[in-house]
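Shared chain: chain A. Partners: chain B in the first complex, chain C in the second.
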Partner chain A sequence: MSSRRIVVPFGPQHPVLPEPIHLDLVLEDEHVVEAIPSIGYVHRGLERLVEKRDYKDFVYIAERICGICSFIHSVAYCQGIENIMNLEVPRRADYLRTIWSEYSRLHSHLLWLGLFADAMGFENLFMNSWRLREKVLDAMEETTGGRVIQGVCKVGGVRKDISNSKLSEMVKDLDILSSEMEDLCNVFFDDDTVRHRTKGVGFLSKDDAYKLGAVGPTARGCGISYDVRKTGYAAYNDLDIAPVVETGGDCYSRCNVRAKELLQSVDIIRQAVANIPDGDVDVKVKGNPNGEYFSRVEQPRGECIHYIKANGKKNIQRDRVRTPTSANIPALVKMLAGCEMADVPVIVLTIDPCIGCAER
Partner chain B sequence: MSYLTKSPWIIHYDASSCNGCDIEVLASLTPLYDVERFGIINTGNPKHADIFLVTGSVNEQNKEVIKNIYDQMPKPNVVVGVGICACSGGVFRECYNVSGGVGEIIPVDVYVPGCSAKPEAIIDGVVKALGILDQKYKALKEGGGSN
Partner chain C sequence: MQLFSITKILLKTLGRGPSTLRYPSEPAKRYENSRGQVEINIDDCIFCGLCRMHCPADAITVDKSSATWSIDRFRCISCNSCVETCPKSCLKLNNVYHEPVISGPLVESFKGTPKAQAEKSEE
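On to the complex of A and B.
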């Protein structure tokens, strides 16, 4: 029996996602034939602000591209300027950046796991993920002063130091946290409800992921071993990192990648604290940048690029940002085609959409 | 502090905020802050909501969405602008696609400043809004017209 096609709008205001994205879902009965995304609800146009702000002040704006990936955006921007100006950042600052980056990854992944559970209607799991997240935020607030926007990274280093005694205290807290996280992750790995809602849902093949340019856990969940941390920015080249790769290509695999990355991040913080050298945390910055640099970092959602072009004035010329969510939207559209209507929220969440980043 | 006989429900919309405040709005629902113990629930349906929480500044594309949600809410209702972007546009006020704070589109009753606004501040703002909601109810009962 042939059926009539109908279009169901998803978003921009929807209980599942705190952020506005609009999808036109073309349905045939309960099956999604096609999903047409439309974006622009969060577009502010902040790339043009580089023309109005001093390059040192633009770190604030770069950090406010997104409130979840905030710290890592500022690292990407500062790294770019430092490379243009040939600044040698003190090694301790690099390590501190690494530690804070991994803390942001912990908070972002816990947040995502919670939202993912919420999309399935698993309220208890949502609350438990966010309860653990508060502990990560506490550590961030104690060391930087900010819960979600840290404002601690600057061109030439970082603003604050963490004393060695505080660092070892943080590692002790992480030991407790990681055992709690393991309990939480086991629910995501083993629970029947979660499996039922995620296994085989939203399948993306390795070839498609590669062709559509998926990045981060979306690509790693399809068996592509690609992690920008392996290129060794900040202090990552001193540390032992193996990308977490799953081969399922479905929602379950992408969830597993993120859950396993939680424990990987704890391990990276432990290594960084064990190896951190003593010394200054910033250098004096003189003059203006002149040149261009392509700065890449690994955000919780995947590879993020800041292309920075400067011409020796105090305002830089261009800061082109490509965020992981923009890269993952084509993959999302591919996953949605052919799925069930009821699975749409779950699938949309598995790419960890960060619309604030994607539209800037 | 005020007293209401019904549980105030909240609808939340992100109008071009950076996510910082949205996440804090959600964080106030979760175990550490737990506003649900006061009967405050985050609903997705504007027709069930008494309080409209808006985060972020307003841009060309979401003007209509904000207006739409506001119009669908039963009156009387209150609007809380969360974060410095909702107050004035914040650091983004000079951006080409930002028209300014939420006050440009709909009447705002309570502004919560901060970048990003902390959950404590958001809860304070909502409690303040409850007082205003109470006054609006009284005015409505006395036949003072809607809102």
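On to the complex of A and C.
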């Protein structure tokens, strides 16, 4: 008996999707044969604004490319400009950037774990993840002034300093938080409900992940040991980091990578606070940048690239951004081919899509 | 493999009470550093327009001839850029969010005093 193919539109508005991604799912009975993505619903033209804004003021716009990894976008942009202008950023500023980047990662991963639990219908786990995330957001608001958009990174350093006594307090709070995170992660590792919905679902082989250019936890969940933090930007070259790698290649592995990265981020913040030097947090910036730089950073979703080209004027010429979601969409299409219709939301969420990021 | 692995978290959080606030009857916690809304001490303002030039959201308007400083509260992104560039330090960012707008203008204008104008002309 031959089955009939139908096309089901999935998104951009959908109850389980936090982001406006649109997929045309070609179905054969309940199986997805092919998924055709289309994006373009929230394009804001932020890249173009670089031609109209002063390069120092564009940091605020670069930060608003994404609401979750906002701070890390500003780090990528600032380190690009600093390298073009040969600016030596004070070491304390590098450490503060590292600490706030890891706080961003904590809040992003806790948010994602909550959304993932929600997509599986596990409401209690969702609320507990977001309860912990609030504490991370409170720490960010206390130190930077903003809960989600921090606005502390600038060309030449950072705008605010954290006193050493406050840093010690933050680590003490993190100790309490990390024990709660461990309990939360154990649910994601061991619970039957989670395992049944994720184990063996959305499989992506290591070769496919490599060929399709997957980045971040999507690649690390397939066994690729690739983490841009190992290249040593900001203060990461002083810290002991090992990429969290899982070899399963399914939704369960990608979930585990993110859960383990929570604990890794806490460890990195502890190391950074222990080694942070005293001194200034910014340098005076004079003149305009002239040249180009390819700036790479590791966001919670994966590798993010800012290619910056400047021509000696106050408005730089180009800021081309390649976000991790753009890199992970080919891998997502591969994962979706052959899955069950009911598993589509779970698989889409495992790449942690950020369409606002991807469309800029 | 466990069937009720979340029970540990449930038992821990059972006696804690709610983590949420009864907002707005119970006010949300604000920190000293929290970025709220921009305030101006209009008597010190020299209407140089640097805050307008550096505002990434084009929320500020400065009219030197009529000595008026205006801000569109809906456009303002509370980024602190104007406060940092103000040469007279007459701008500051408080830690209270703007009250919800029900009616009235979204643009708040501040008119400079004749005294500030006179001092400026002396300079």
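Operating definition for what follows: the second predicted complex is superposed on the first by the 360 of 360 C-alpha atoms of A that agree within 3 Å, B and C clash if a C-alpha of one lies under 4 Å from a C-alpha of the other, contacts with A are read in each partner's own complex, and residues count from 1 in each chain.
We adopt the following convention: contacts are C-beta pairs under 8 Å (C-beta built on N, C-alpha and C of every residue); 3 or more make two chains touch, one makes a residue touch a chain.
Owing to the predicted nature of the structure, the values given are computational and were not obtained by experimental measurement.
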Larger contact residue set on chain A - chain B or chain C: B
Which of chain B and chain C A:Gly40 touches, first, second, both or neither: first
Touching partner for A:Arg296 - first (chain B), second (chain C), both, neither: neither
Touching partner for A:Lys160 - first (chain B), second (chain C), both, neither: second
Partner chain in contact with A:Val148 - chain B first, chain C second, else both or neither: first
Contacts of A:Tyr60 with chain B and chain C, given as first, second, both or neither: both
Which superposed partner A:Glu134 touches (first chain B, second chain C, both, neither): both
Common interface positions of chain A, toward chain B and toward chain C: 60-61, 64, 131, 134, 149
Residue ranges of chain A touching chain B (in the complex, touch as defined): 12-16, 18-20, 40-46, 48-49, 52, 60-61, 64-68, 70, 111, 114, 126-127, 130-131, 133-134, 147-149, 354-357, 359
Residues on chain B engaged by chain A in the complex (per definition of touch): 11-27, 30-32, 42-46, 56-57, 59, 61-62, 65, 69, 91-92, 94-98, 115-116, 118
In the complex with chain C, residue positions of chain A that touch it: 53-54, 57-58, 60-61, 64, 124-125, 128, 131, 134, 138, 141-146, 149, 151, 159-160, 180, 183-184, 186-187, 190-192, 195
Complex contacts: residues of chain C adjacent to chain A: 1-3, 5-6, 8-10, 12-13, 19, 29, 31, 33-35, 54, 56, 77-81, 84, 93
